[in-house]
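First chain written, first letter: the chains are A, B, C and D, and each begins at residue 1.
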Amino acid sequence: MRPDPGKWDYRRSELRSMSSTSEDIRRQLKVRRQKQRAILATRWRCAQGGLEFEQLDTFYGAIRPYLRVAQFFGIMPLANIRSRDPQDVKFKVRSIGLAVTGLFLLLGGLKTLVGANILFTAGLNAKNMVGLVFLIVGLVNWLNFVGFARSWSHIMLPWSSLDILMLFPPYKRCRRSLRSKVNFIALCVGILAVGDHMLYYVSGYCSYSTHILQCHTNHSRITFALYLEKEFSDIMFIMPCNTFTICYAFWINGAFTFLWNFLDFFIVMTSVGLAQRFQQFAARVGALEGRVKQSKLFLIKPISLLNLFSIQQVPEALWYDIRRDHIRLCELASLVEESMSCIVFVSCANNVYVICNQALAIFTKLRHPINYIYFWYSLLFLLARTSLVFMTASRIHDASLLPLRSLYLVPSNGWTQEVQRFAYQLTSEFVGLSGYRLFCLTRKSLFGMLATLVTYELMLLQMDAKNPKGLRCV
Amino acid sequence: MRPDPGKWDYRRSELRSMSSTSEDIRRQLKVRRQKQRAILATRWRCAQGGLEFEQLDTFYGAIRPYLRVAQFFGIMPLANIRSRDPQDVKFKVRSIGLAVTGLFLLLGGLKTLVGANILFTAGLNAKNMVGLVFLIVGLVNWLNFVGFARSWSHIMLPWSSLDILMLFPPYKRCRRSLRSKVNFIALCVGILAVGDHMLYYVSGYCSYSTHILQCHTNHSRITFALYLEKEFSDIMFIMPCNTFTICYAFWINGAFTFLWNFLDFFIVMTSVGLAQRFQQFAARVGALEGRVKQSKLFLIKPISLLNLFSIQQVPEALWYDIRRDHIRLCELASLVEESMSCIVFVSCANNVYVICNQALAIFTKLRHPINYIYFWYSLLFLLARTSLVFMTASRIHDASLLPLRSLYLVPSNGWTQEVQRFAYQLTSEFVGLSGYRLFCLTRKSLFGMLATLVTYELMLLQMDAKNPKGLRCV
Amino acid sequence: MRPDPGKWDYRRSELRSMSSTSEDIRRQLKVRRQKQRAILATRWRCAQGGLEFEQLDTFYGAIRPYLRVAQFFGIMPLANIRSRDPQDVKFKVRSIGLAVTGLFLLLGGLKTLVGANILFTAGLNAKNMVGLVFLIVGLVNWLNFVGFARSWSHIMLPWSSLDILMLFPPYKRCRRSLRSKVNFIALCVGILAVGDHMLYYVSGYCSYSTHILQCHTNHSRITFALYLEKEFSDIMFIMPCNTFTICYAFWINGAFTFLWNFLDFFIVMTSVGLAQRFQQFAARVGALEGRVKQSKLFLIKPISLLNLFSIQQVPEALWYDIRRDHIRLCELASLVEESMSCIVFVSCANNVYVICNQALAIFTKLRHPINYIYFWYSLLFLLARTSLVFMTASRIHDASLLPLRSLYLVPSNGWTQEVQRFAYQLTSEFVGLSGYRLFCLTRKSLFGMLATLVTYELMLLQMDAKNPKGLRCV
Amino acid sequence: MRPDPGKWDYRRSELRSMSSTSEDIRRQLKVRRQKQRAILATRWRCAQGGLEFEQLDTFYGAIRPYLRVAQFFGIMPLANIRSRDPQDVKFKVRSIGLAVTGLFLLLGGLKTLVGANILFTAGLNAKNMVGLVFLIVGLVNWLNFVGFARSWSHIMLPWSSLDILMLFPPYKRCRRSLRSKVNFIALCVGILAVGDHMLYYVSGYCSYSTHILQCHTNHSRITFALYLEKEFSDIMFIMPCNTFTICYAFWINGAFTFLWNFLDFFIVMTSVGLAQRFQQFAARVGALEGRVKQSKLFLIKPISLLNLFSIQQVPEALWYDIRRDHIRLCELASLVEESMSCIVFVSCANNVYVICNQALAIFTKLRHPINYIYFWYSLLFLLARTSLVFMTASRIHDASLLPLRSLYLVPSNGWTQEVQRFAYQLTSEFVGLSGYRLFCLTRKSLFGMLATLVTYELMLLQMDAKNPKGLRCV
């Protein structure tokens, strides 16, 4: 801008434009400040846990319906679970939830003791132990969930605060909401689990009727009531056989089955919730670089790739903010990992055990087509559920590594110390769920588990082959 | 240049030489610019996909002949596969290719159903299941290739653009072209596979004739036609036995075998293609350092090693270019890895399963020398093919790490941030093929697979030893 | 401070306050210097090993009672073990301790030879080998502890000096003292081990009496004395049967059992001792950042997170001090790891072997309820002890990685070279115990060991199933 | 130095002292230059390969005697192996060495064919296959050594040049020379191997005589000659039985056994040679820091640790030299690793196979005490040899990581880019031997191998238990 006196008009207009520009800037800054204030205010209102919080796509909001269902079976006994505000939900020793849990533990314990007594009388072996293990694991799981409920507020409050943080700009919401994902999985698992439970009874009844037909002359015994009497023999052991008892037997049986499925489902929900946040985080870092579009573009256009890296300069302070959020996410993930260790450990150990046991019957000749259908349905459902647990949990780790690629594209002059530290942070620690850190839920460990499972299976099949059993009438 | 008036002549000549020098420089710059323009123009023409593209040693050019052969068996149904330009080749729902695939799926599915029916009637066990698994895996593979064909243009266009980029300076072509490598492997695998397929029929016929000779009085039944009737009993089950049916049976059998071999061959081709590019990249980085010659030299000459590192200074911008190309290569590799996950997974799982099953017969007494020959030929061919898949795929990873050594030789004053980032990038991620990231195709995992295979084999041999079978006449 | 002449009063008071301030500073500096001198003096007195050292919560002080008990069984023969000063405790060839060890080696060796002779006469097999292996491993352990005692002063002096360093500020003491931790573990393991030893005799006597009742007519033989005569048949082989002999037999049997338990307990003690120091170190780094409180705070308060990182600036010299202490800790850890390699190796190998052997009897029908109780008690005690060894040892590694998280929170302007080097140091090496570096005592290897144990167990059960044995009378 | 005229005397003396100092410096520089020239000259003379080279403790000098012995068995056919200069030793197609190798291959091949013929006639099974595998592996090894001999000069010349470099200051010689180490190992392995070979014949003769005594009436057949006739039945198959034949049979048998032992011994020698150089390198880096003494000191003295890090400043150029030498060492190591891959692979695979096979007889009842002695001696010798291979090879890697600790002690102001790059280089690559990179020779892989070996063994024992064999007379 040379001060040329002969160009006054120009300068005047320039001045005017300058003043107008500065007003623009002022106005823009004002708008921005207003926006930020609005976001802060909304966040604050959300943090109060009112209706606005309810409308957010938080993790708490996504799992609340399922927690309320779980209450009916005494799982995760929390007080005020109906509240929309996670701050109200707490573990209380004197609460209805814990009383329900206690009832289930009592009734389940009773069932287990009776079953154990019958088994020890008949002689315990590796085969008939399965049922007993199922019951004991169930009781352990109820206790595990009580333990988790105790650390509930230590986990859910930070999680909710992080949710509030990440559901507003600069973070973008994911294409599919957390709620819809969780609901979809719940629907699938639920229907399959109900089908599995139904088939169990149907298959059992068919086996029973065939057994009577072949081994007894008194064919009048083939009624559903008599089947149930045999099926629930452990309950009938201590109670008279009437409609109430049968209902009660159905109910307690269902509770154990529900718990078993809920266990895996709960791990899946948590994994989805954590992975979603890591994906959002990666998306923010990616958006910063304008990466997504460009990489698509650069892989298709063959030649004009020269200005690939013309990315806008990212200020140091922004990188600092990003790194801070990453620390928060990792803190949350490790908090969840610690609290869920026992749940994950019991779930995986139990699943492996049951799969091994189920798979033993692969070459066994069964009586009915319905037996075959139940056997394969049940085995495949179990395998699918276990794989689902591992695959969704492994996504947390995968998502946590996503921002690494974006960092490669940071231009040389933007490669500051903050970015370096961020890159180092991304690779230095394992983020994800684990069973007491004895094993991590990753794809590699799923593969290792499957390979070991085949080994065990082959050995068990050998041991089994030595005690051949026909279709004997006992 | 001291301005000495007594040396005018000299100065004049100097001036002249200066002007001539500057003209030289101008001319050189012009030549260089012309060269660069020529390269850009050639690249552009290549990118149009004309004859010039055809003459380049691109991956598309190398695999096109085999894709066209595969079309005859309904594998990888792409439209316009005859075109020299990869941009024309697309997956279309309404195309002849997909129709052929559909036909194969229909006929193969029919064969599978009939075979399954026969098996279920006779009683399914671990032994006779092999044939059925072979058919089902075949069908799955056809579908997998359809899936891969759908993502064809998303992979092949970036790949071709990268090929164009890396087939001109500053990249040097490899000593052996991609085409010759692929053709050599195709020739070897092809001949061995045809031999395997032939031996299958010969060995089967010999077994059949010996069986008749030993167990039946009616020796007139030893004809090739009758053997085929037994061999293709599943097809004869639904069609009358005539020449057409036999031809059809041969054809559909061959299609399944071709698919099985093509699957592994396709992984090998892709691996060779990717590894070639990574090797070229490493060669470029190595050439930059003048490394290859010097390291040879330095290891032989004992003393005069002092000027080992007198390497020319590499400008920052060049390192930036190199790093950018590396990002592109890695993006391509991860794109391919993602798309081929299912193909790799099915291939490896199937190969392990078939090897386990084949190896069970190691200690079985066979009737004929030809049976022995077929058995060992087939087993070794399978092992060699599986090892080939792992070894070529592991080369991608090995080649991706090659530039690391060159970076050690960068002198201190040339060790800029760009080089540091490049070194970090090289080691921070796995580059290579994998089966859903459950396992990676590396040498270590090949070794682990072999060790596990021996474990399984020993256990299966034990299980097998319990059901001894002589050479019974059925 | 503008020199305004109209404000003399103010300036005077200012001056006074300045002088008073400088006096304050002088006084503070004096106090600080006095404190530092006091600490140094205390340290020095402690290093002399007087009463003051005794009162410190050192590792030597924590394990001394147990070492003195171990002396009675000839384990870890050190001279002057009663001294409070670790500098007095040395390995001497001519000492009472070594003489006791020699006596135990002689008597134990004799017992082993007699046992081996009996076994070889009766025919050695995989089953009855267990007892012999137990005795041989015992002898090896005595020798191992002699070896460890030889390197005692090379380990304990640096350890004690580090203890002195870390029991004064700036390090804070842990909430629970080392002594209380070690005593608690000793109490638990001790009671369980005594119970195990008692049950062994009770279970043996019950088996003996039942055996006599079933197979012999002469029921008068059911006395405890006769049982002992049979139990200690190897000792009775060379000595007459009288009260002294029986006492001697009890004593030598007890010594072997004590040694076996002490071996594991010693590894646990050492692990706890090392882990404690690493935890203190991590606490110091954490306290530097004011991390603990803030992270709690930040995870609960949802919004006001902005001044999360307003951490006081840490001077370079302090980081240097911290890094130096870390090097010392790592040097100590690797010194201990090297010296204990053989002890760890023998302990783990033996435990795995005994667990495999014990677990073989899972499906064996036993005679008495007391046999069942002993069998399960013993197996679970063994598993728990082995897991305890792995879990406490893995804590060293876990604790050594704790400061990493604190480093993430270091602000940008405090991220100096020293911090970077410290971060690099933390992740570059494995800190913990190992068995000749063939395997490390971590959680992952515990899991791997358990998986392998199940594999071995299944195979051994198969082999066992082939030689069925009833309750035969021999 | 203030120019004060009143202090002339002082200045004069100062000047004199200055001049004398400068003369001192000049003299010192001269002496240093002379020293350096002397070292360079010695190096040069050494590089010429004269007597002076012979006197150096080079790897070539250490292994030459054993290579010359190996020549008698046709192993590693090199021309001019008697020369003291490694440059003269080359692989020549037309040489006596290769002719001897050819002879061995011919005779060995003949023996193998005859043996295979006998086996195939009698029926090949997993048990009697061992002998045939031993012969075939022997032939493969001869060919492997021919392959290694071809790349001899590419390996030994750089190695010798590195030896020359590292046997003069600034490198210090190791306490124990390479020669003494190699000779010690050779002596141990040699004596044990000869003992093993002797026991083989003795044990075989005892078995033979017992067999005749029990199963034949004609006891006159118990002569050593008749035993040899049976032992060498494959050679007697094609040649008449006389003294020459028996000598020949002994000789060819011995050659195979020598080759088998030499294979492992050669890997051990190479490992020791490489590890020695890495240790020297680590010692140089350590000496630079004055580390060794100080760390001892600091761990014993409790308090006066403050000037721990008062290490002299190391100039950048020195770090550059060190890094350059490290690159050379790594280049050499990777060159050796590549060339020895096939030798390592065959050695390990064969050892595992033979151990598995040997260990099968653990529970077999043998006839004679001498049979037991031979069996256990042979098994333990084999296990010890295999462990020796792994342990010495793992030392290369361990030694390559040693300088890392020294780098931690570099003071802050000396932590330059060169040091950083050196630290990065140390950890970024695996240095050591491997079998085609399928597995590396480390302690961890030895442990994995042992665990897998136990698994295989248990399974093979099961399979073996199914075909029980008494002491039958055949």
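The working rule: a contact is a pair of C-beta atoms (placed from the backbone, for glycine too) under 8 Å apart; a residue touches a chain by one contact, two chains touch by 3 or more.
Note that the structure is a prediction, hence the values are computed from the model and not measured.
Least step count on the touch graph, chain B to chain C: 2. In this structure chain A contacts its sequence twin chain B using mostly different residue numbers, the overlap staying below half. For chain A, the chain with the farthest CA centroid is D. The distance from the centre of chain A to the centre of chain D, each centre being the mean of the chain's C-alpha atoms, comes to 53 Å. Taking each chain's centre as the average of its CA atoms, chain A and chain C sit 37 Å apart.
Counting partners per residue, chain D has 455, 459, 462 as the residues that reach two or more other chains. The list of touching chain pairs reads A-B, A-C, B-D, C-D.
Residues 40, 43-44, 47, 125-126, 157-158, 160-161, 164-165, 316, 320, 323-324, 327-328, 331-332, 335, 417-418, 421, 424-425, 428-429, 436-439, 452, 455-456, 459-460, 462-463, 466 of chain B are the ones touching chain A in the complex. Interface of chain A with chain B (complex): residues 295, 298-303, 305, 308-309, 363, 404, 408-409, 412, 415, 423, 427, 443-444, 446-447, 451, 454-455, 458-459, 461-462, 465.
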